[in-house]
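Please find one structure pasted underneath; my questions will follow.
Chain nomenclature is as follows: A, B, C and D, assigned in order of appearance, with residue numbering initiated at 1 for each chain independently.
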Amino acid sequence: MNLRRTIYRVIETSAGKRRGLSLVFNITLITIITLNAIAIVMHTVPAYSQKYDRLFYDFELFSVIFFTIEYALRVWICVENERYSHWFYGRLRYVLSASAIIDLLAILPFYVSLFATDLAIVRILRLFRIFRLFRISKYSHAYRLILNVVREKKEELVLSLIMVIFMLIIISSVMYYVEHPAQPQAFSSIPATMWWGINAMATVGYGDIHPITPLGKVLGGISAILGIALFALPTGILVSGFTEHIRYQKAPRRCPHCGQEL
Amino acid sequence: MNLRRTIYRVIETSAGKRRGLSLVFNITLITIITLNAIAIVMHTVPAYSQKYDRLFYDFELFSVIFFTIEYALRVWICVENERYSHWFYGRLRYVLSASAIIDLLAILPFYVSLFATDLAIVRILRLFRIFRLFRISKYSHAYRLILNVVREKKEELVLSLIMVIFMLIIISSVMYYVEHPAQPQAFSSIPATMWWGINAMATVGYGDIHPITPLGKVLGGISAILGIALFALPTGILVSGFTEHIRYQKAPRRCPHCGQEL
Amino acid sequence: MNLRRTIYRVIETSAGKRRGLSLVFNITLITIITLNAIAIVMHTVPAYSQKYDRLFYDFELFSVIFFTIEYALRVWICVENERYSHWFYGRLRYVLSASAIIDLLAILPFYVSLFATDLAIVRILRLFRIFRLFRISKYSHAYRLILNVVREKKEELVLSLIMVIFMLIIISSVMYYVEHPAQPQAFSSIPATMWWGINAMATVGYGDIHPITPLGKVLGGISAILGIALFALPTGILVSGFTEHIRYQKAPRRCPHCGQEL
Amino acid sequence: MNLRRTIYRVIETSAGKRRGLSLVFNITLITIITLNAIAIVMHTVPAYSQKYDRLFYDFELFSVIFFTIEYALRVWICVENERYSHWFYGRLRYVLSASAIIDLLAILPFYVSLFATDLAIVRILRLFRIFRLFRISKYSHAYRLILNVVREKKEELVLSLIMVIFMLIIISSVMYYVEHPAQPQAFSSIPATMWWGINAMATVGYGDIHPITPLGKVLGGISAILGIALFALPTGILVSGFTEHIRYQKAPRRCPHCGQEL
């Protein structure tokens, strides 16, 4: 029982007597996750892939073993947290938490690939472990601030997204009927035109598809201006969220001298 | 009379005893509108268009009948709303309201196409019904907030738009005289140059048209920087709108000295 | 003397008994300026240029005569304004004011072109008269707000611009030494690379010039991220300006009941 | 001793009796730095490089001598500043300060190139001297404001950058597995795909690399929308920083009840 609590303090919290050990563990974890990200990215470069094939495989094996032991440990010790205190239902709830699912997805693909053919795309699921880094770093305060603001303004942001999608469908539909006769290849259907639409509204503009008829160009100009509004709206929403948060946190509520509310 | 009020409560409000029925009706309506949007978009994909031609036609027929009945019902029951209470002038005012016109435009094209040739472009008018979704969803609060901010800052936003158009005309005119001699094909006239101008200022940059002379490039650089200002201005306006709204909501309502409401 | 004051009230202010005449004059002025803008833009379209050549010339003649009379009137009556009250020095100061110079530039090119060859580029100077519209429209309040905010934040905005130019010079210089060996044609010199730089930082990206070496691409990625900062900085500055203004204007300074400061 | 203090007042501060001399020195310094920037940029233009080769060399020689004397003077006089008052350790600390290192890097390349081959890329290090301009100009207040806001929001901004890099890695990895089979040349590896990713998220879109498969285009659309969020987040953070600063400056300093300072 004591061992479980000690490991819990080392792995899950940065408090108590084991702060030094916890720091060592967390730095090790961050290093392995970062090396994993680099390995996954570099493995696709043909030059490195062939030369260091053995090294990539060995490191993947080591990572999976390390992550598997870590995952097992976390499931074992999670009952120390009072939110998951029941020996079975607590563990089940922990296993189904977003954080634990990400951890599982980081190791599962390897075991599946032992029996099945190569599942290259699932390997990148491991990359999502990167988000674990936010929990430990000294940036956790800033992370929580950003997360809180996004969460508080969730409805406005989701609505902005829905508006964007609606605007995209409507503009792309009109554009399709305008440009299709002139460029039947590029604007072959409304879904194909939506690829133009999203890049026009987000002001990316790859140049692989763009209107050539006068009316299409007028519509393209309107889309570009709508794109500016598209940037302004979520920015405005986020800013008001940040401003609100800061006012609430920093405003002194009482005069330090007379103690009355301000 | 009782039937009319019951239907009014089901269709137009989400209050009273018929909340369950109202929810069912609204979910049905959202589903049909969303399916309509998908059908209109997918109907233009050649692969689907030929394969499911019959299905698309049947669904269109069904949608038009559903929307026609719904439109007739709304005109019949609108007199329950006190804003449209007169049996004739009330209904006329309702029929001329933006919302009712959109509903009419969603069904009219079908009836017109029965007598005339195919009017593909008018079919997309039905897409505007999508905006009806905002009225029912739980996002209606966020929608009203965004709408209010935009409405309150209407003058500043319209002025920004006018400034953009002026800037566009001036920059495109100068660019035309600079680049026309070097690229008579691409910069063939000021209106043609305005296609470059709007995409440069909105930072889209398709790459189909861009200056090649040194002076033209300097001008292009200035346009790019003006484009940044173009993004900053409406954002600044919208942000101050959002901030204002929130302050108004959260502001203390009572004087700290006498305790009376402000 | 009475005539001069009457004309002054009609042309320069919208106050007094002659409000109706002033409105008529202003609407006429706006119409002629707008038609001028359209004429200048459309004159460059070959199809219209040949067809309506006579009309364009007649309208230009009419505009210049109208603007010349208007300019002469404004110089004559400006002494009614107490800022320009001296019969000679006042008029001189008025003639040298930004607004009067723009008005002069709108007519001067025509008289110069009577004696010299065609000076196409100077014709667009007339477009700047468009800014006169801001003075009369009902958007003048919003215009003044935007102008005030920009003026108040002038130092920060100019500094942002200087920072952008410095960043541009530094990034383009590094890029030149990185990409020149690989693409001696496109990245032929630092000024040529600055055309890439401004379009990368403003996220335009025409695609006519972009890095191809790995190091150049890393540098290009950094420029793109710097470009985002480039957008955020002036937006932040403008927003704080707008917010400040609104707080100052709207905050009630005293309780309406007890009269004490809040 | 008196000479050292006099020179210190002229070079490092703009206070005391020698304000006139200090102004002359600073204007000379700004002029030489600006001319240096222009010379470094223009030297790469083949037309100027050959024609004014001698002039460029002479100006470089003059600049290096000027900057060397200035650097020696600054090291000599820095002990007048109480932060660097010790004759040896104070000077060492000054030499190791960011500002002094930039000054050294501006002259070192020239001396190295006397013995070694041409080191073109190190010449641009001199450009960083440009940042010295901020210290003297009348924009120093705005510069300090911007710097303070950025410094205060450092954690949030760094976190935004880390989030961007993570998002970039994840999106590019997924894109690689989606587009590699269709475009093995363009999307040759994940690092190669990251070049697409950063330009898509920063909405640059050169057009040299873009998805062509339907799934890749959907992913590209999501990246474009994520790119908008990418712009909104740092803007929101910076804005709240600016707003905070202004509130702090303008906030009432006294309690409305007891009248004491807060």
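Definition applied: contacts are C-beta pairs under 8 Å (C-beta built on N, C-alpha and C of every residue); 3 or more make two chains touch, one makes a residue touch a chain.
Molecules present, by chain and UniProt name: A, B, C, D = Ion transporter.
All of these numbers come straight from a predicted model, not from anything done at the bench.
Considering the contact criterion stated above, the chains in touch with chain A (Ion transporter) and with chain B (Ion transporter) alike are C, D.
Chains touching both chain B (Ion transporter) and chain C (Ion transporter): A, D. With rounding to the nearest 5, the Cα superposition of chain A (Ion transporter) on chain D (Ion transporter) corresponds to a rotation angle of 90 degrees.
Homomeric contact chain C (Ion transporter)/chain D (Ion transporter): same residue numbering on both sides for under half of the interface positions. Chain centre most remote from that of chain B (Ion transporter): D (centre = mean of CA atoms).
Annotation: 30 Å between the Cα-based centres of chain C (Ion transporter) and chain D (Ion transporter).
Remark: chain A (Ion transporter) and chain C (Ion transporter) have CA centroids separated by 42 Å (rounded to whole angstrom). Listed for chain C (Ion transporter) are residues 191, 194, 203-207, 231, 235, 237, 239, 243, 260, 262, each touching two or more other chains. Interface residues of chain C (Ion transporter) facing chain B (Ion transporter) in the complex, by the touch rule stated above, are 37, 40-42, 44-46, 120-121, 124, 127-128, 130-131, 134, 138-139, 141-143, 145-146, 149, 161, 164, 191, 194-195, 198-199, 201-208, 230-231, 234-235, 237-239, 241-243, 245-246, 250, 252, 255-258, 260, 262. Within the complex formed with chain A (Ion transporter), the residues of chain D (Ion transporter) that make contact are 155-156, 158-160, 162, 166, 169-170, 172-174, 176-178, 180, 188-192, 194, 200, 203-207, 210, 214, 217, 220-221, 224-225, 227-229, 231-233, 235-237, 239-240, 243-244, 247, 255-258, 260, 262. Looking at the complex, you find that chain D (Ion transporter) touches chain B (Ion transporter) at residues 203, 205-207, 235, 239, 243, 256-257.
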